[in-house]
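As structure tokens, here come the structures.
Shared chain: chain A. Partners: chain B in the first complex, chain C in the second.
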Partner chain A sequence: MNEIYFNIDAGYLEGIVRGYRDGLITAPQYMNLTQCETMDDLKLQLATTDYASFLQNEPSPLATSTLSARCTEALVAEFQYMQQNAAEPISKFLDYITYGYMIDNVILLITGTLHERDTHDLLEKCHPLGFFDTMPALCVATTVQDLYSTVLVDSPLAGYFRECLSAEDLNELNIEIIRNTLYKAYLEDFYSYCQSLGEPTGSVMAELLRFEADRRTVNITINSFGTELSKDDRAKLYPRLGNMYPEAQTKLARVDDMDQVKSILEQYSEYKIMLAGVSMNASSSSSGGNSSGDLSLEDRFFAKEVQLNKESFEQQFHFGVFYSWLRLKEQEIRNIVWIAECISQQQKDKVNNYTAIY
Partner chain B sequence: MGYLAYARTALNATAAALAIWAGLYLLLTGRGERFNVGGYLLRLSPYMWGLYGISLCIGLSVVGAAWGIFIAGSSILGGAVRTPRIATKNLISIIFCEVVAIYGVIMAIVFSAKIAAVNSDKGFSASDYYTGYSLFWGGLAVGLANLICGLAVGITGSNAAVADAHDQQLFVKILVIEIFGSVIGLFGLIVGLLVTGKAEDFTGVI
Partner chain C sequence: MAAVRDNVFPTRMNLTTTKTRLKGAQTGHSLLKRKSEALTTRFRAIVRKIEDAKLKMGKVMQNASFSLAEVAYITGDISYQVRESAKHATFKVSAKQENVSGVLIPAFEPSLQTASQFELTGLGRGGQQIQKARAVYIKAVETLVELASLQTAFVILDEVIKLTNRRVNAIEYVIIPRIENTISYINSELDEQDREEFYRLKKIQGKKKDRAAAAQKLLDESAKQSINDGNLHAGIGAGDESSQTEVRDILAEQADDDIIF
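On to the complex of A and B.
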């Protein structure tokens, strides 16, 4: 029955977002981008894409950071157009998507304040999608209690903070713990909201969010090796959803090295295919830092994410396309920035390590 | 939303209370046999039946057509922002939905041709009752078939618009499916014609 009512509020926006999807860079365009010799060539090639109007007024020696900023601007402009045209169920869904960026911004500001960086520099680095009114005030906070009672209580994130109010002081480890606790609460809340939206949206988003939860679980596990985080605390950071919840999560909470992680992941058919040939010894944070052909775990996760997000476009009349489009567009910006970095640093042999979308 | 739900509950409760009161009133005052649904239906005038049929036929058809046009139309609108070429091509989905309303109009005209004034003093004949019933159920069949047909064509039309915006080759393929959907309305039309085929015009007892 959903098809009958869906277009009342979302028909126009779904058409728009599918149009945006058609604007994503395709394989032949990536071929052209990778064959560029200079940044000016790259800029010329990008002039045939949706980024043209955001790049045309940039002065000629184009820095990678500027390119990245302009591409993000393009993404934000498209997203905000949708937000402005959204009616009730979608507008809330789109807001939920931005909460993830808000969490990142909050953590960025707290970390920056801890290291006594300049507030204005920090605010410029924040992701524009995660901007909220009281955000600049975050820089004055020194304890979690302050943070919550002065700033965050009015933001949409207030509900997610309930679990980390016990953290005493702000140090590196605690900030990571806060980030992961927040993200966990956010994912669980988003998941239950999507389920409340009814069938096609619920099942499509469940697939995507379960994957996201699994990825976070694995990343938390890998990043906690060699830190003072106890195994019980580690288990508390895992989102309580996903394909690996609860069975594999209890196992992952006990492991000590990468080989054990790999053997647990291989019990899941979809991850087994994904992991084939991946070098687990390479640190997962250096994305694509290895020689070409030998991709890191993080790149494999990105490739899997792209595949899942492409699949959500196969079905009509659900909200998952909005989320998927944003994820694909982000991946595309990462690709462009990667290619630009390779070109500007004369590392052309690694230029093909991007994750192709179409 | 909350107020609407409260209002609906209150309305339902009032209606139920009134019905129970009326039923108990008739029963307890010894006139329970007057609460007789079958008798009521038999006493209805055949004009009532026939004209209800005609209005259901046109009304439901138009609802189906309008709903389909809006489902297909809003997707065409969104898709045409990036690929304006789909707008003219996908007007065919709108036309398919519109055809559903035209079926309803045609059938309403055919049905209303059988309605005529009865001048006889002795009232309605058995043939008049048959005409009334067949117009009612024929009209209901046509209306429901067209309602469902309009929804089906609208949803497929929305699919066609979105798919066409992504890949031009898909348009013709989805159009074929859409044509199959629009045939459902034609089935209703045929059944409606057959059901009322043997009905004579109103004449009264001669």
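On to the complex of A and C.
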């Protein structure tokens, strides 16, 4: 991509997104949030942030679920504003970002269809970012075959479905395996699309997506211990990209316990640092009453993700900032909800377990 | 109260039956008292256990809902997914009965099917947290089941103890005094009858004595007469015969009349 022409189409949006980035909650603000004693205090503190207008009309006993819903609304409003102002190729890039949410929504609707629920109620539960025009039509389909042949072929996800699943699979496979298969196809597709955009978007996004792929690989490995998921199936769910592809992935496909995972990850310098001091066993950390300093592997991954996303703001003239901003914003919402949960459940000792951004 | 007694005829047979009843009531009383004591001991133990369980429940539920918050932090909302993939219950409660001194107390027992249906939930993200939350919630539900069986036992035992105590008190303060009153009433009536009988016998004896004395007097007089007559008319033998027939006639005449006091 020629950097001279970048600002013609993308300059305004990049300005917007960098402005949004400055609106993210900073460390002193987090300090204030964690000091709150009640949800009302928290609401008062949030009034100084970008969420103010979304929270001001909420009645006083603020539930964490409402808080989370309102914050997501704020996120969606900002994202949609960018989508509406985007021109090719940014609009396409932004669409790609939403496909991940679409997968979740479609999976939700398929689950509903499989259990013969009224799927209209489910539309409300869908993530607004993953909403696409033909999605309400999914509710019309009553069988999975219908769903596949009439609706999904027209959706942006059709390619992923066509590549990895047949209509029979939808009935037979575990819904989680479908979800992960789709997500794998999505990541690979997104990766190749980003590469086609040229530099510097390609290299920035490559970094982010490789990390995402590695994280999924490790998580799928860890979470499939002791389940009926066979090792071959496990290998099929790994995204075919990332720093660990293909060598470490083939090894990970065969491991049986945490220690082996650890020894494989230690060959990669960036993950070796992450693993230091991580208790790799969720059950042991729960029985030992995990103190605030003891973070799980997931927390480390979050921290690493935040760090990578922050780094992508260091470069200019690329689309990675949009993806990074969305990820950071999501992390911020998780942080706020976490702090709110800690306050409402009076578990103040764990309130600092969030992943600070700035 | 003292005057309350059973409405019975004061007969000796009724006295025996009443005495048997008294014995029965006393045995029943001591049995019921022992039962109520056994139940109370058990009740106290249960109250202690309930206190422990309730304190534990607070902590466990807090942990559980916090682990759910952890899941929400890492995976987002999984409630719908979990609800839909639940096909049959893995946590079941079976009720059995326990016998505590004749009282049937239901005891609930949790039974867990180890096969998990959600083991693939959160495969891509947060599976460990989900499993952890699941384990914590299982513990929470176990505590709830334990508390439920204790609470049921508490209610049932409370009722039974009240019932038993009511019975014990009723026997002690109403039934036994009444039976005792009845016995003393029957006894006093019987004594009264005895005294009357004794008096009657005395009276009859007195009357009989009077009569015997009168007859003797008459006999003596007639004997004197016959001696005098014998001196006049004939020998002693003939005089004896006639006096005997005379005496016999008098007695026969007298015996027909009833003696009325």
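What we mean here is this: the second predicted complex is superposed on the first by the 318 of 358 C-alpha atoms of A that agree within 3 Å, B and C clash if a C-alpha of one lies under 4 Å from a C-alpha of the other, contacts with A are read in each partner's own complex, and residues count from 1 in each chain.
By our rule, a residue touches a chain if its C-beta (ideal position, glycine included) is under 8 Å from a C-beta of that chain, and two chains touch if they have at least 3 such contacts.
Since we're looking at a predicted model, the values are computed, not measured.
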Since both structures carry chain A, what do chain B and chain C do when superposed there: clash or fit? fit
Where does A:N7 make contact in the superposed view: on chain B (first), on chain C (second), on both, or on neither? first
May I ask you to decide whether A:N243 touches chain B, chain C, both, or neither, giving the answer as first, second, both or neither? neither
In the superposed model, which partner reaches more residues of chain A, chain B or chain C? C
If you stack the two complexes on chain A, which partner ends up touching A:Q307: first (chain B), second (chain C), both, or neither? neither
Looking at the overlay, does A:G19 come into contact with chain B only (first), chain C only (second), both, or neither? first
Figure out whether A:N32 sits in contact with chain B (first) or chain C (second), or with both, or with neither. neither
Shortest CA-CA distance in Å separating chain B from chain C in the superposed model: 29
Common interface residues of chain A - those touching chain B in one complex and chain C in the other: none
How about chain A: which of its residues touch chain C in the complex? 64, 68, 108, 111-112, 114-115, 117, 122, 125, 174-177, 179-180, 183, 215-216, 219-220, 222-224, 226-229, 237, 282-283, 286, 296-298, 302, 334, 337-338, 341-342, 345-347, 350
Chain B to chain A touching residues, read off their complex: 67, 70-71, 73-83, 151, 155, 158-159, 161-162, 165-166
Which of the residues in chain A end up touching chain B in this complex? 3-4, 7-8, 11-16, 18-23, 316
Which residues of chain C touch chain A in their complex? 62, 65-67, 69, 72-74, 77, 80-81, 84-85, 119-129, 131-132, 135-136
